[in-house]
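In the two complexes that follow, chain A is the common piece, with chain B as its partner first and chain C second.
Moving on, here comes the complex of A and B:
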């Protein structure tokens, strides 16, 4: 199968990358993997559940702060602290998602954004716990994982397993039912699916994996800051998934790669003009490449064009 | 006619069902009694309250007053997914399918949900209930279309698919809201004959609305005539045809095409 061949090639290239690339590029690849996981988790909702969240930074930030606090305040080692990321982010997604899935479309998006701003405000104001605007510094992985190559491999492994898990979820009975909810909630109810509860479960899964991405990023970055929860961060997975292709499972990963490489190329020369450039790219992709970057290589990643409602 | 004490023997019963929208009394005190195995047509002019009644029976709308009994138990106010779990299936006047899924996936998903596997996150779904879904697609004449995205199927085939989706839930009671809407006359008879055959084979109770009187009188075992939100008449096709009120308000008019 064609996608399997592509996948093998990509995995091989990623595995040997540390032999050929200087540390800077390993860090760039590490960041791409983290953003790719964040966008893939986000796209479980958008691409497969038909739910557009404008507030996924909340779960990314909860996932970044939870292990960072454990390391800083309780001296827990990274490998024990990192699992707190998906747990705390998933709990947050359960709490907020309970209300958010009661709404649809624009209202869903706005309420998710509102909850994310609450998370931002709490992190920003609760100086005693979170350090407020100063963030939490010196959140580094243990010596064994501190080199760019070691943390690169570690991130790759965690992201790889997570992406495979998300893939399995998409292909599972749960994933089929989620797609049916996206396509036609009313019909889904009449095959016995509790639509809101299904959406909530998807929301929690998406939030937990977004949190794991946040946790990985905390140790990559060596510090965490309130703007991890700010709304501009919420648009990152949205833009990345759109660029890569929301119709395809691997679209967001491709989008993360394209996004970060372009950002690096452009910002290096003209840092001020990156947003202008990004805006142009987004417009070009939306107009010319409705399937995103993956539409360039994979033919039609989805089985059919999105059909209009009739 | 049934009274309030014998709803145990009925698969579906309503008592004094009322629903208004603003100043319009769409359903105005409907008593309905459907025994198991019935093939019941609900007819009436546009605006008689047929679709509203269906939406009340299926939990899509909540009625203002009255009761709905399903299989002898009161189900008033239960949401659609709960009613579905108790054995109620339905189709819609405007075709309601999962358009970007293939015909096979449409029916597979209905089977997965019926067998309560829809929270399973671990196993691949592709092969689950595949044979059952293909057999059901065969039954409604869509075996050849199984792999196609349902959104590109012909209108009549989409109607058949929706029927298959509803049947996958092994309902005891099937509500069909104008199952032949938009179909050619020959296809209408074909699909209703299919419904009648399936109902006969499985003991399924069917309640349907229909504008084509040829189809209604050919298929229905009993007919309920709705007019301005109330039951005007009820009986066998022959009784209803002979009913003077019905002729005056409904059958006397030129039948809808």
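Moving on, here comes the complex of A and C:
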């Protein structure tokens, strides 16, 4: 079957899922869709831009807190509050990204981590606004969307449109320019591509969609906590993208599916062992499967790092 | 004063991290975990050893050696397989190690906080400038500079140190000259782990030995190493003292933003001098 055929099949299966599955699994699927969006947005940077951020939790958290604060402190309804998620996260990504894209490789990763820790600390300490350690509770969607099936469809629609938008970006001339920046920044500059501007635009887009994932998660979870910005959260999209395979656009979505199912299976039995399990998987994947699980099925080998510095 | 001793402990941890980066080019995110294992080993050793005055000192000697052994196993078993890979993959692998070591520590020692009692001779406090000051901190203040001096001697007066310095400048050339670089990597990694374990063991009587201490010390050591310059020995020393003092005074003067201040300084350093105050730009 052609890829389009597979895609149609998956969409159909997701559409009829509420008829067959109990609410618990719908919630699991909702979570998978949200993590999938987060990882896909992250992978725009890692897979297509060759930039690995260690601080994407910052944009996820900004996107979770912005609409939660609007609903909580200003009484704005969900549908009007949710767009604040990508806007605020995108603004944060623009501010931080302006500095971050000036660095490369390891230093890029470290500066993004530093900014994320600043966001975490501000959220953690600014009790008057964010509730600090206690987080913000009771951030539920309106009654119409409150049932697991309704929120599932809502999430699926938002995630679906976002993924299509990201796909269009990847396939656009901008997307191809971004790939050339990944492969060889200096040659890209020679043919007239403004490398930093392309990197910054990709960073902002990635941050904005990560924020949207954060916003969706806030209303799914019913509460937001400073943990959303903690550095362990930043590794979630990284691990998911890595599991799925960073060289393919849909890899992170597949990775999110595998990751969440595995998490559910393991934590149901032995909650304490989950980090051990996750850590072991990460190590095994890195040592043995450099292209992720999708790479096993067949994906083109792809250099993770430009071999020439010049 | 306590800021100085915090700085000294930070120095032990961050210089190990910096050393490992300088030679192997791996940013070891599991370094905080090594520190935590050092502290937990100290807990167990003090419990297990007979209740004699020398037991504490023997434990202080043995715990870091245990951590060095752990480091050796990890280097030979895992890191050796991925030196040629993307540095970011190496970073992610060491992150995986944080999760694994964290869970293993939880399983081995349980979720409750532990404490190590200070040795009798140093249990009291002394007056420094009219302020009471725990005498154990004097040990920290005394030992850490001693280690710093010893490290300096190792780096600049021994063959091992010469090889380490050579490796930070040009590893391939060192290998071409007939030095067994692979063995050197293992030794350096074990030495760096030993330093982290020593920091943890030395810190154990001053803090609650708890599960979160790996990420706490990691983030701070990370800031220290980045500000001082990855791979720079003197840079780690200066910036560890700076960060230790900043943390102690920051909490007194403006508690709410002391950590933000720390990361803000790190961000500024990364933007202005990505290679740190005393580091070298990447070739």
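As a convention for this text, the second predicted complex is superposed on the first by the 290 of 310 C-alpha atoms of A that agree within 3 Å, B and C clash if a C-alpha of one lies under 4 Å from a C-alpha of the other, contacts with A are read in each partner's own complex, and residues count from 1 in each chain.
One rule holds in what follows: a contact is a pair of C-beta atoms (placed from the backbone, for glycine too) under 8 Å apart; a residue touches a chain by one contact, two chains touch by 3 or more.
None of the values given here were measured: they were computed from a predicted structure.
In the superposed model, A:272 makes contact with chain C only, not with chain B. Judged by the touch definition given at the top, the superposed model places A:103 against chain C, while chain B stays out of reach. When the shared chain is aligned, no partner comes close enough to touch A:91: not chain B, not chain C. In the overlay built on the shared chain, the residue A:180 is in contact with chain B alone; chain C does not reach it. Of the two partner chains placed around the shared chain by superposition, neither chain B nor chain C is touched by A:10. Within the superposed three-chain model, A:287 lies in touch with chain C and out of touch with chain B [touch as defined at top].
In the superposition on chain A, the residues of chain A contacting both chain B and chain C are 304. Touching chain A in their complex are the following residues of chain B: 58, 60, 79-81, 84-85, 89-90, 92, 95-102, 105-106, 108-110, 112-114, 117-126, 128, 149, 151-152, 165-166, 168-169.
Those residues of chain A that touch chain C in the complex are listed here as 52, 54, 99, 102-103, 105-107, 109-111, 113-115, 117-118, 121-122, 125, 231-232, 235, 238-239, 242, 272-273, 275-276, 278-283, 286-287, 290, 304-305. Partner chain A is touched in their complex by these residues of chain C: 27, 78, 81-82, 85-89, 91-93, 95-100, 102-104, 106-107, 215, 219, 222-223, 226, 256-257, 259-260, 263-264, 266-267, 270-271, 274. Residues of chain A touching chain B in their complex: 168-169, 171-177, 179-180, 183-184, 186-195, 198, 201, 205, 302-304, 306-307, 309-310.
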